[in-house]
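In order of appearance the chains are A, B, C and D, and numbering begins at 1 in each one.
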Amino acid sequence: MEEVYIQVVDKVPLRDPILVEGLPGVGNVGKLAADYLKEKIGAKPLATFYAKCFPPQVYVSEEGLIRLVSNDLSYVRSPASGGRDLLILGGDYQGMSPEGQYELTERELDFCHKLGTREVYTLAGFAQGHVVEKPRVLGAATSMKLVEAMKRYGVVFSRNDPGGGLIGASGLFLGLGRLFGMEGVCLMGETSGYFVDPRSAEAILKVLTQVLGLSVDFADLEAKAKEIDRIAQRVHDAVESKPSEGPAPAAPREDLGYIG
Amino acid sequence: MEEVYIQVVDKVPLRDPILVEGLPGVGNVGKLAADYLKEKIGAKPLATFYAKCFPPQVYVSEEGLIRLVSNDLSYVRSPASGGRDLLILGGDYQGMSPEGQYELTERELDFCHKLGTREVYTLAGFAQGHVVEKPRVLGAATSMKLVEAMKRYGVVFSRNDPGGGLIGASGLFLGLGRLFGMEGVCLMGETSGYFVDPRSAEAILKVLTQVLGLSVDFADLEAKAKEIDRIAQRVHDAVESKPSEGPAPAAPREDLGYIG
Amino acid sequence: MEEVYIQVVDKVPLRDPILVEGLPGVGNVGKLAADYLKEKIGAKPLATFYAKCFPPQVYVSEEGLIRLVSNDLSYVRSPASGGRDLLILGGDYQGMSPEGQYELTERELDFCHKLGTREVYTLAGFAQGHVVEKPRVLGAATSMKLVEAMKRYGVVFSRNDPGGGLIGASGLFLGLGRLFGMEGVCLMGETSGYFVDPRSAEAILKVLTQVLGLSVDFADLEAKAKEIDRIAQRVHDAVESKPSEGPAPAAPREDLGYIG
Amino acid sequence: MEEVYIQVVDKVPLRDPILVEGLPGVGNVGKLAADYLKEKIGAKPLATFYAKCFPPQVYVSEEGLIRLVSNDLSYVRSPASGGRDLLILGGDYQGMSPEGQYELTERELDFCHKLGTREVYTLAGFAQGHVVEKPRVLGAATSMKLVEAMKRYGVVFSRNDPGGGLIGASGLFLGLGRLFGMEGVCLMGETSGYFVDPRSAEAILKVLTQVLGLSVDFADLEAKAKEIDRIAQRVHDAVESKPSEGPAPAAPREDLGYIG
């Protein structure tokens, strides 16, 4: 078996497509944003990526149907004549080993490159370690031209964040993308790092949709954010109401991790 | 050396063979069931799979003969004219790494695919974390048609179990099997997860033999189940008879793990 | 770079050569025996095996010269006309990963197979977990004929030892060797498992030299065994002379591990 | 994707080039020395090595520009007619796995071998576990001729150091280099192992520049060494001024690790 097995679902010619990547990671921000975008603009399946660097796992639906874990590429044709089409890459996992990350990302970029992709936007969360009321969108890019362009959309290029660089798919898609001649931007929504964070996902999607000239309704994402708020508040209240200073409730992160 | 080395033991034309997989796992349920079936219907060796993802280990028999750890494929010709033949895959280990699991499963499926296999039944245990008096058989499948068919044999398709999906060979054989155009079912016997569980193995075998139209005597498996019961009872009594609330006897799981 | 890189040092035609393997392991018994045999019968270098599954390490000699870690194959021509030649495989490490163990062993067997090897003796220690005054030599083999032959040399084929089989090079050389059509025996010297054990090495060498019809002087190995005895005695005395029952001296195993 | 991807930046014919290697390691001594040399002699980029054995990571500059982690080869033409040119290999990481170390080193050596390299100097720190006022330069080499030559530059070839050999790139470049017919020397600057150590880097650079006949100004490296001294002194004072014997300040190693 090859390291990565690509199942092509549809074959369509695409016009200068822009790739948007959002996989699981900090606060699940990138995946939440990519999945939401995919749903709202009605993206259609193009290809599925199975890989040896994923866990040997199938998901089982409520009906009892299995599905092998994967990454998935979807597309949307631009409604405007002459407009650029869109590719969205999401999925269940990033590669579980460094070697797997490189291999998988390279194969996915190669596939998109052959579809004509020259520009990439990667979506991620940036863990601040404390609650973030109004998440800023931090950026990193492959060229000063893109840095300047993103600043006009309110993206913050901070001298110190991210200090040690970016680890994982969102950075690697840009780093390896350059070897394919692609330019790109990583949009990072600030988040605590403790919860799944739809509000942070909304922040980066608001920038991205402006950049791409898309119109998306954020009501469902906001509803999800409020649901997380309520749960977080209940956890907070439970802690506060305790008479003695006991330990914090066990693993709120995990409890909430399954919501959203 | 290739990742997987296949030693073909016998070459026989098979009629539309159905593959049954049962490898070591939770409660050893899948392996117990597959090995028992293999013995009772007199399956003959067809091929041996050696793999780099197994431990570098040989077993030594009581006489002093060594045998390299492996997976093994056996076959039974259908006694009925026009009936479908059977393949049974068992062995000492699943692949020890995620990459190895994928590679080994793919090679085994490829081998069976070339023999004409289009249908797979995978056998596993499902750990409930508590003693299960009458183990139900839970299911997952590749199509709604198979889900409905299995329900008629009493297989339970539960909305919540297995919640996070299936990890390991039993799920992967179905997930990767679909890439070979195979349809299939995973039969999971409920078990505590603490003991080797012949009773759970019996439960899934009773479903499987009905599905396959086989007649198998379960007396030996029931005897083995009763033996485990007696041991579990002795462990239980030893705990109960202790005057003070001491810790449970060390590692009953391991003690019993070698029986069966 | 290939997984294994073979540097051929000498090219000689060999007559039906018997392979003896002794690599680092329990009590260093196998390596001690193989190295001692190599030295005493004046084996000459034939090939060096470098491998990615070794640590990325060089040794530095007292003079300051570096040497990359490796396995090494030596040979001795039989002095008797018509006699069988001998190959000895030793070295610094076994493969450090399961995959590496398989790959390295397969490449080494393949090399020896091409030299005409059909018979293998692997040397190892068998850890008993307690001091062994007179180490027995336990055996495992690829055929009943070899089991019977070894019994005549006093090798013990025990019903329970080794219970879980053999893990590592000594078992794998036999297990994979069978795929090359080789027959073989593993000779395991009983040892405590706590010390480097030249006495156990001597025990298996005494069997092996009889089997091979070689005459070897064991004086140097016995001297080394006595040196270990003295050190072990000193450790023992130090423990006994303590007025209170304190913990045993830290890590006698490691202290002694560097001797020999 | 290949295990190692080489991006050639410049193509120049080189005259009998000598390779100097300095990657991150103990006290960062090797990397500090190689980077300093590269800067001071104005080496120009020749090739970049990306590898799957690196972390899947990009660094982000203060301006917000990303750069994929890599190793980098630079060159300097000899100013003297008939002089030998110089190659300097530095970078962000050594390979993160043993297999990766071997693969990456082999590819880098292969590249340099094709450029005509026959001689290698590897730079490293040697951890003494205590503060070293005047770091000696320890050596290891591939031939007695080089050992003798290095002694004339004050390099110490100690009977006991390094006792267990060298682990990592600096040893591997010599060990694998021999398989390419290269001769070489490892220069190890003594260091405590607790801090980034520019003084140790200076010690090995002073030897190396003499060997290579280069003239380099060490003022900037000395300034950096003094900066580390001041910080170490402050840590030391903080510990001493404590009235009670508390634990040492947390992780001075890490605190200082980011300086330099």
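Methods note: contacts are C-beta pairs under 8 Å (C-beta built on N, C-alpha and C of every residue); 3 or more make two chains touch, one makes a residue touch a chain.
No experiment lies behind these values; they were computed from the predicted model shown.
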Other chains in touch with both subunit A and subunit B: none
Self-contact between copies subunit C and subunit D, residue sets same or different by half: different
C-alpha-based rotation, subunit B on subunit C, 0 to 180 degrees, nearest 5: 90
Chain centre separation in whole Å, for subunit D relative to subunit C (CA means): 38
CA centroid of subunit B to CA centroid of subunit D, Å: 53
Residues of subunit D touching at least two other chains: none
All chain pairs that touch each other: A-B, A-D, B-C, C-D
Of all residues in subunit D, those that touch subunit C in their complex: 95, 98-99, 101-103, 105-107, 139-144, 147, 157, 159, 162, 164-169, 171-172, 174-176, 178-179, 186
Subunit D-touching residues of subunit C, taken from the complex the two chains share: 1, 5, 7, 50, 52-60, 62-69, 96-97, 100
